[in-house]
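In structure tokens below, several structures.
In what follows, chain A forms one complex with chain B and a second complex with chain C.
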Partner chain A sequence: MTHRSRQLRVSALARIEGEGALRVVIDGGQVSDVQLQIYEPPRFFEAFLRGRQYTEVTDITSRICGICPVAYQASAWNAIESACGAAVGEPVAALRRLLYCGEWVSSHALHIYLLHAPDFLGYPDVIAMAADHRDLVERGLRLKKAGNAILEAVGGRAIHPVNTRLGGFYRAPAAAELAALAEQLRRALDDALATVAWVAGFDFPDVELDCELLAARDPGRYAIERGQIASAGGLSFPAAAFAEHVTEHQVPYSTALHATLDGRRYLTGPLARYTISSAQLSPVARQAAAAAGLGPACRNPFRSIVVRAVEIVYAIGEALAIIGSYERPGPSFADVPPVAGTGHGVSEAPRGLLYHRYELDAAGRVAAADIVPPTSQNQAAIEADLAAVVSAHLDLGDAELTALCERVIRNYDPCISCAAHFLDLRVERR
Partner chain B sequence: MTATDPPTLAVWKFASCDGCQLTLLDCEDELLALAREVRVAHFLEASSQVRPGPYDLSLVEGSITTPADAERIAQVREQSRFLVTIGACATSGGIQALRNFGDVAEFRAAVYASPQYIDTLATSTAISAHVPVDFELRGCPIDKRQLIEVITAFLAGRKPVVPDTSVCSECKRRGLTCVMVADGTPCLGPVTHAGCGALCPAVGRGCYGCFGPVTGANLPALTGQLRACGMTPRAVDLVLSTFNVAAPGFAHDSTEPGGSGPGEERR
Partner chain C sequence: MSRPDAVAPRAVLIGIGSPYRRDDGIGPALAAAIQRAASPGVTVTDSDGEPSALLDAWSGVPLAVVVDAVLCAVPEPGRIHRTALDLAPGSAVSPAGAAAAGLGAGAAAASTHGLGVPDALRLAQALDRTPGRLVVFAVEAADLGFGSALSPAVAACLPDLIRVVLAELGTAAAGSGP
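Coming up: the complex of A and B.
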């Protein structure tokens, strides 16, 4: 085996959002190259955002990703409201958090049940899984539907919500409309707790990531729709300092730009959020995590499915709490008059930290836009993890090793539809 | 297909956000029932099992923006008995068709550090610009009830019931107060294809055209009304230049000289 040259290829990765491929080169028993190739065609959002009116931005950026449109709206409104020096009141902020909880529940349920669990149970997809485990699949679909119910009640539509705007919402839901969700969410909380217990029983390879972890942190609560940026290693900085710490650079073996944090590879997403903020979880989420065998930190990417399940428990509890204390805000939005300047914003997309920066002129026209999605930040860490896993399993045949690589990629729930618009495509030059 | 085999369904992705294919997975109440009626033969977002074609029904998301995709859609067409486009990207080129009115080389350089490695076409075009399409489902994103209707109609061998009327007709049926008449809120409802269920007027917002132009849209009359509601020529240009910017029914004269929106590139 040691002198054999092997190449593993997956020309179209399945059960991920968007289009990607994988190429691994093994030379003389050493992994010489790993490329997570993005062939999703670019759509040039940052280019055509220039010249648009600042009030249009959140409707446009939501179209970057159909799985996490609220994240693309939230980071954009955080950045633009910051540029304009506008602040929204607490009732509007609570509604935004509620909306974002809906996206977490829906997106995480999609990933756990429809994309990720089939790997652990040995099925090609959820439909085949449903033939043997119909109750489980129905539970996952109920959870996903509960998340979408929040998105529809608050956002007006589950995919690309229409009710959101700079400063808040076109219309704040009446208290009775939100109260109508509570019964469905209480049942969903039971489903979420059952989900944690279920995925905790999966078989997890013993792997630890050694890279830095980066996530938003919000004092007093688990960061979702806003926050400062923090690392597991103790860094802490505001969104405005993102570019001082995170840079994109070229690596010798490819034309891709990889993000690094102060020169080092890093990971964002559920493992980072949990490791940095697990103490901020609700008691019920913390108990569920402990019962599932999670300590205060989690660096095993295979266990990310458990962290996602714990985050569903948290998000549903948070949604119930917001609904329980909801009072319809007087004005449903704050005025955000245009100011010339630059604004930065972050939020925690289901897949991790999402950074936006906008430069506006005095009339509110966008002069420049910069968007750094989680999957492009995670690329280098995913590739390093793949290299480590392949190195540790060189004894496997190509088919088994390739299948293992695909599982490793799905652990990160990569959203290539988002990332492709900001990544260089790789060209093999051999 | 033999008498016992269910028809096969394939879902294809081109340049897009994944939201329209996600709409299929968002049919939480119908998904498992649907899986009994059709065999999901190719749906990469949902399954790692890929069965070879031909396919009875192909749902196509996304627009054509690269030379490779222009070839791939021809192959998809060859393998598909019926081909239905789902969503604004596949039906009119999507928001990425803003490049059609700009300088794509400059766009590429603005976003990518090494633009020479980005293989892209100068335009983002609808699927129908490349291959014959059997049905086009509108929306950014599509509506899941309409998606179920299209699949059901295909299974029953009948035409889908997807009325080519305006958002106004849905707004009236919901009993909503007209936001434009009552509040002077600019609204694209009169020229926009129905299908969403008048979501925006229901929250007091004017329609912003996700479903693209309705057949026979009277755009000059509406743009006059939008101006009367206080919109500037540039604002009118921008609101018509979003997810269905390349749809012929939303083509309009840009009226603001020296503007920096898409309008100036359109002249």
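Coming up: the complex of A and C.
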């Protein structure tokens, strides 16, 4: 305790989804500890799901997060339908992809405009930004609304969709209902392209992550609602092999489990998706990415805002393509009779790879559930990034260092409502 | 919950919260109860409190009634606080006025979830997307832990809450009015 000892407390780490806490310890001029402390609802839901009928699962898991409920439904469909040996037809699969595109647009627009852009433009929050840049905030809200319009048309409402079920949908929308949506989406595509051009002009610190990147991969297209799992380093395996490669372990300061990929730290999310599948983007999205200065890979977490903007362009184009070739499916869902067994499923939540595993008995009761959200997979990589950033900026005062840590965390858009609660930030200098 | 009426709604009721976080579910529970009793022209919705969704729900509607759970330093679970603000053109509410009414910015905005009703209101004011009048019913919570049941104290206040909210919406049915 001979070192200078200082402690800084910030009441809230602003502008991330949910709640959590960060503790940074600087001891003798070196970063000795970084702990992202999060408390995790999925663990509660896993217990809550045991004993429930397999048909109830997706209505329950969609409640884990108000920002990405479709992701929690989709990974569960994939896992349970796989356990039961059921397959949905292509028209239902296309509707699911359309629904998921709506969630990507809505979630990414929220993060870019309401949470992340104020960092680059020097505002404390979107309310202050709206006072000077009302047109920009309006554009963000229009984009979010376009995403919500997809969710409402296909899912029945914007949060916690109620029209979805195991095997498909209670009711497939009429072609005319989706055609009405297309006009709004064509205007949204212009907003999305303008968004890419806008964020491309931000000032990005020169940072490269060296950890492994992990995402779903879907041959021939950019993975969203399903896929195999792939890493930037060349790994490729099915969802069923997730537990052979990804190991979760507890840390004492957080209820979210830390994860490693074959023993190494890794990251999921937009940077991983883009680096693994940028060649699968549509021509218009690829062109927007190139004009924004993105190469085939992106490992700079500050540029994740550009990748999200490109993904909005892609998702709107994909939604328009699905609507353009839409034919209302005959039966709106496939029968999924219960089968005793275990099923695994993944999908690409806006924040990254979301893995679900369910064990069912012969009557379709859930015997065990395992949910691994992207934010807990990313926790170790975020901590490592924070440690590097703090080490490189020890000369900054506590206030500036705290602000920088907050920016670093927001780069990852952590959905701590999926993985934690209130965020309280503390820097200790000893 | 309900789709907006074809005619412009004269009022919207927004129940904020998560039904899987015990007393945080008071907003959705109230919305579900009101859904059955609301008259035409009243849109009923539940929300996780995400600000742009609140703006969409209440923008330009003459009356918005919001129900949410709050934690108080000296708690009296089940107690109902009512705050009303006139926001129509010509009755502009200054940030100081909103703060005086208990809707000022409190702690720093924490998240889209932590960006609560006060922050959504400030954003709505910056973008001219407020309702004409905003009435907030805040219910003091006892327990925001995981679980799907309201605490006894908060469950017990539900009939009173339904009565005052219906009165606010002007839709109290004969015989069940205040």
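By our rule, the second predicted complex is superposed on the first by the 395 of 430 C-alpha atoms of A that agree within 3 Å, B and C clash if a C-alpha of one lies under 4 Å from a C-alpha of the other, contacts with A are read in each partner's own complex, and residues count from 1 in each chain.
Quick note on the criterion: a contact is a pair of C-beta atoms (placed from the backbone, for glycine too) under 8 Å apart; a residue touches a chain by one contact, two chains touch by 3 or more.
Quick caveat: nothing in here was measured; it's all calculated off a predicted structure.
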Combined model on chain A: chain C and chain B, fit or clash: clash
Partner chain(s) touched by A:R171 [first = chain B, second = chain C, both, neither]: first
Touched partner set for A:E248, first chain B, second chain C, both or neither: first
Partner chain(s) touched by A:Q53 [first = chain B, second = chain C, both, neither]: first
Partner chain in contact with A:I159 - chain B first, chain C second, else both or neither: both
Chain B versus chain C as contact partner of A:E406, first or second or both or neither: first
Touching partner for A:L185 - first (chain B), second (chain C), both, neither: neither
First (chain B), second (chain C), both or neither touched by A:R365: first
A:A285 touches, of chain B and chain C: first, second, both or neither? neither
Partner with the higher number of touched chain A residues, chain C or chain B: B
Which of chain B and chain C A:K144 touches, first, second, both or neither: both
Footprint overlap on chain A, comparing chain B with chain C: 12-19, 41, 44-45, 48, 63, 66-67, 110, 114-115, 125-127, 130, 134, 137-138, 141, 144-145, 148, 157-159, 417, 422
Residues of chain A that touch chain B when the two form their complex: 12-19, 39-48, 50-53, 56, 59-60, 63-67, 69, 110, 114-115, 118, 124-128, 130, 134, 137-138, 141-142, 144-145, 148, 156-160, 162-163, 165, 169-171, 248, 250, 255, 257, 365, 406, 415, 417, 421-422, 424-427
Contact footprint of chain A on chain B as seen in their complex: 13-23, 25-26, 28-29, 31-32, 35, 40, 43-50, 65-66, 68-69, 94-96, 98-99, 102, 104, 106-108, 110-114, 117-120, 124, 140-141, 196, 199-200, 202-205, 208, 210, 235, 238, 242-243, 259-262
Touching residues on chain C, where the partner in the complex is chain A: 1, 18-20, 47-48, 50-53, 55-56, 107-115, 119, 122-123, 126-127, 146
List of chain A residues in touch with chain C within their complex: 10-19, 41, 44-45, 48, 63, 66-67, 110, 114-115, 125-127, 130-131, 134, 137-138, 141, 144-145, 148, 157-159, 416-417, 422-423
